[in-house]
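These are the structures, in structure tokens.
Note that chain A is present in both complexes that follow, paired respectively with chain B and with chain C.
Up next is the complex of A and B:
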């Protein structure tokens, strides 16, 4: 593991800056490194440049505004190549995202194309898998809590509870050290490069798969080459991404936007 | 079956000209010279199929009716994956991931040579992608790679049922042990061409483990304890998905004079089962679920994780015959217990309680 913060004083300063930056709905995530579940070499770390990330998932309310202004992304009007038949199917009507409670919930059943278009309309973009995983490794206190057994257990419990309760309280999660909320509690989230089919050849390895969508993510040999075979929450996320294509619209899948720092 | 049995037995004893002459008389035998027959390990060619039917699936402990067809056909299997809270024990619930809404999943029955078209749906209320690895499938991932499907999606793939036998199936989506620990396994029977001998009753029993945060019997909604799973220390070891699934109203029922077949699987994900029925002797065991390797007069049969056995026995006595994993702490303290309730006329020659030893004799 690469240590993130060499000294206590710098750490305190860093946290102060992080909290300060958590404004305008986005939090600043400083540059650093993390160890992805599947690296180019098992256990190798990846550098992530500083970036900004929405503090909360995009809400139905925000998405309703978007489709109101962009008719081409309304249910029933969206082109089939951009979203499958489930797109926004949990809304009462194409311009009705439900009552006050529903409007405050993360928007789901949106395709990757739609999520991308939303972020672009805000002058933002989707986070990469590296950015998302790097930010999601943080607990309330630590920037990298992935090796913390209690933290890992807690995330697994949150994920497991979803199948017992299809409408989890999105507020039930926690605010991490960057001031980012609900990365684990409410929904799975889209990333820019979720699927090697949709990214440049640069990120591919021999055999045509990127390290993020390697066959190991879906097969029984899943632990081979993984940096941490006990990180079940990460396996779940990688498997989820591997099952998606750009049109997929899933009830438990939403998104948040990112921007360069 | 007849020619197969012959090839397994006597030809190995034959040599030289005798073996060659024997082989010439059997269609498909390509043994030359004095080599023993190798037809048990054969390249299997999917036969042409005619017709089409939709498979009848059953929930445990029920088994679909025997196949009466004498030719292979195309069989459509519609299976839906459903995640839902289910009973694990009295007062204990667990968020199960299921094939067909039950743990273990729906029983699938096809015939050797059938072309099976699997339609695997994942309910839109699911939170995870899932897929299926059928041990009856020859090819990449047992179908897993071809069947990964998102919530709300449906994957379709077809396969030839090349080898007869009783096979486990399970979800193979990462992290795989978690999907099994949450209930994603079941059995598929590929009946041999000639069918299985007729029995009066057939049952579907599958052993598996659950790893919960709380201790055995702790009430309420219990969650997966990953650490217990990695340590292979289950909280529950059960037949058919919950403590008591095969006792009380759930007890299996049969009558004296009947012959019973149990299709027994072990979903694991970790432990091997020492399957035993207290007070019965298995007249026949199809070891590890194969279609022809038989053992007779077996007391306890091993069932590996991700494996199966077919056991058959005739019922000579009435009573409650207890199904256990004979690693008996599992039966006594973790739930691995079921009942076969047999009614009918007694036969004291089979077992006769002559005198109890619970009180001292008079002097």
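Up next is the complex of A and C:
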């Protein structure tokens, strides 16, 4: 469509498209491959199709308007099977998410069921682990910065700062090369298939009887079968996911939605 | 590195009871672990019931079923799939051991992790092969229903090849209203499941 435009115009057009996508609240992430921390075979890469991802985590403001329109998801009304007792417990009242500051912060203390329902109501869905990790591997400049030691160090520092402060500055962190913000700096985030992480021991790769377990079951299991044992930030995310069930409502856990490209 | 581990632990404490699990995974501290996972969620909402999942299923006789049709007596439930050759047969025999020992009106439920392949005919065949009694219900739903049930029960699973699904072997004891009374990670914990069921029978 643009063969006659000089290169700089094409770049400008690309930029305009990115800005347009950003205005819609979502950024497009092109197809590619990445190596998951726990693949079906250690070190094997996975193809990720192009998709769109919310530029920022879902805010309390957005979630408040969702529960206002969907009474079944209000605190005190939600079915117990969909959320544990902590659900939205950090809100002053079921239809009060706090003041202007609080409204701008990512919503947390929401279960996986609730996060899915929110995304479905927007015609979206939760990202898969592969999609989330693939997008989160990007720095400001590079699509895959996971092998970059300085980048890892930075993510660890961000995680530490986050745990020290229950209400991190929403403007902290960075916007990655796709135009997606706060993937590391704000909160942990739900994924559709959070409950798909199993760590297998070596017998499986050796072709023996497979015996699978998860983080909880065997001591030091986390490092076994990992594609990159030095990727501490990824370990932290996977360990966190492994401790959750679909009802878990946790103060440091929010979400953002995805959609097919 | 020690710093972020400490920080992570601080954060983890604030999300108890997940803290111990997370800290265990993060620091690789070796601690003897209990084979009983989960808990009866004391302090959690008393109105909790697995049967409130509004999902739709079919049983081995092809009849449409809701989970709430399992209400009325205790159930021992596991997620398996019929073409599974490693852990699932062990899970089924552990449940049969429970059936031999547990007194009272107890049901046994197998939910397929591979609903596309495990239609009613396949489930019937599986029940026949394993000599399952009339107390057993075998269920097949859609992918979404399976993922939701697994998410509530804390069961992890993932397809690793066209023919193979990795999954945790968890036995769940449900009371007559669908509350999770006990969960067991290892199938050799059958005796403990029997005890939990007998406590309900009293």
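Keep this in mind: the second predicted complex is superposed on the first by the 213 of 261 C-alpha atoms of A that agree within 3 Å, B and C clash if a C-alpha of one lies under 4 Å from a C-alpha of the other, contacts with A are read in each partner's own complex, and residues count from 1 in each chain.
Operating definition for what follows: contacts are C-beta pairs under 8 Å (C-beta built on N, C-alpha and C of every residue); 3 or more make two chains touch, one makes a residue touch a chain.
The model shown is predicted, which means the values in this text are computed figures rather than measured ones.
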item: Chain B versus chain C as contact partner of A:173, first or second or both or neither; value: neither
item: Touching partner for A:57 - first (chain B), second (chain C), both, neither; value: neither
item: Chain B versus chain C as contact partner of A:230, first or second or both or neither; value: first
item: Which superposed partner A:195 touches (first chain B, second chain C, both, neither); value: second
item: Chain B versus chain C as contact partner of A:36, first or second or both or neither; value: neither
item: Which superposed partner A:250 touches (first chain B, second chain C, both, neither); value: both
item: Contacts of A:153 with chain B and chain C, given as first, second, both or neither; value: first
item: Residue contacts with chain A in the superposition, chain B compared against chain C; value: C
item: Chain B versus chain C as contact partner of A:79, first or second or both or neither; value: second
item: Doubly contacted residues of chain A, that is, touched by chain B and again by chain C; value: 156-157, 159-160, 162-164, 166, 215-220, 222-223, 232, 235-236, 239-240, 242-244, 248, 250-252
item: Parts of chain A lying in touch with chain B, wherever the complex brings them together; value: 86, 149, 153, 156-157, 159-164, 166, 215-220, 222-223, 230, 232, 235-236, 238-240, 242-244, 248-252
item: Chain B - residues contacting chain A, complex; value: 83-85, 93, 95, 97, 124-129, 131, 133, 141, 144-145, 148-153, 172-176, 178, 182, 213, 221, 223-224, 226-227, 230
item: Residues of chain A touching chain C in the complex; value: 40, 79-82, 84-85, 112-113, 156-157, 159-160, 162-164, 166, 192-198, 200, 209-223, 232, 235-236, 239-240, 242-248, 250-252
item: For the chain C and chain A complex, residues of the former touching the latter; value: 1, 3-4, 7-8, 10-11, 14-15, 18, 21-22, 24-26, 28-31, 33, 37, 41, 43-53, 86-87, 147-148, 150-158, 160-161, 164, 166-168, 185
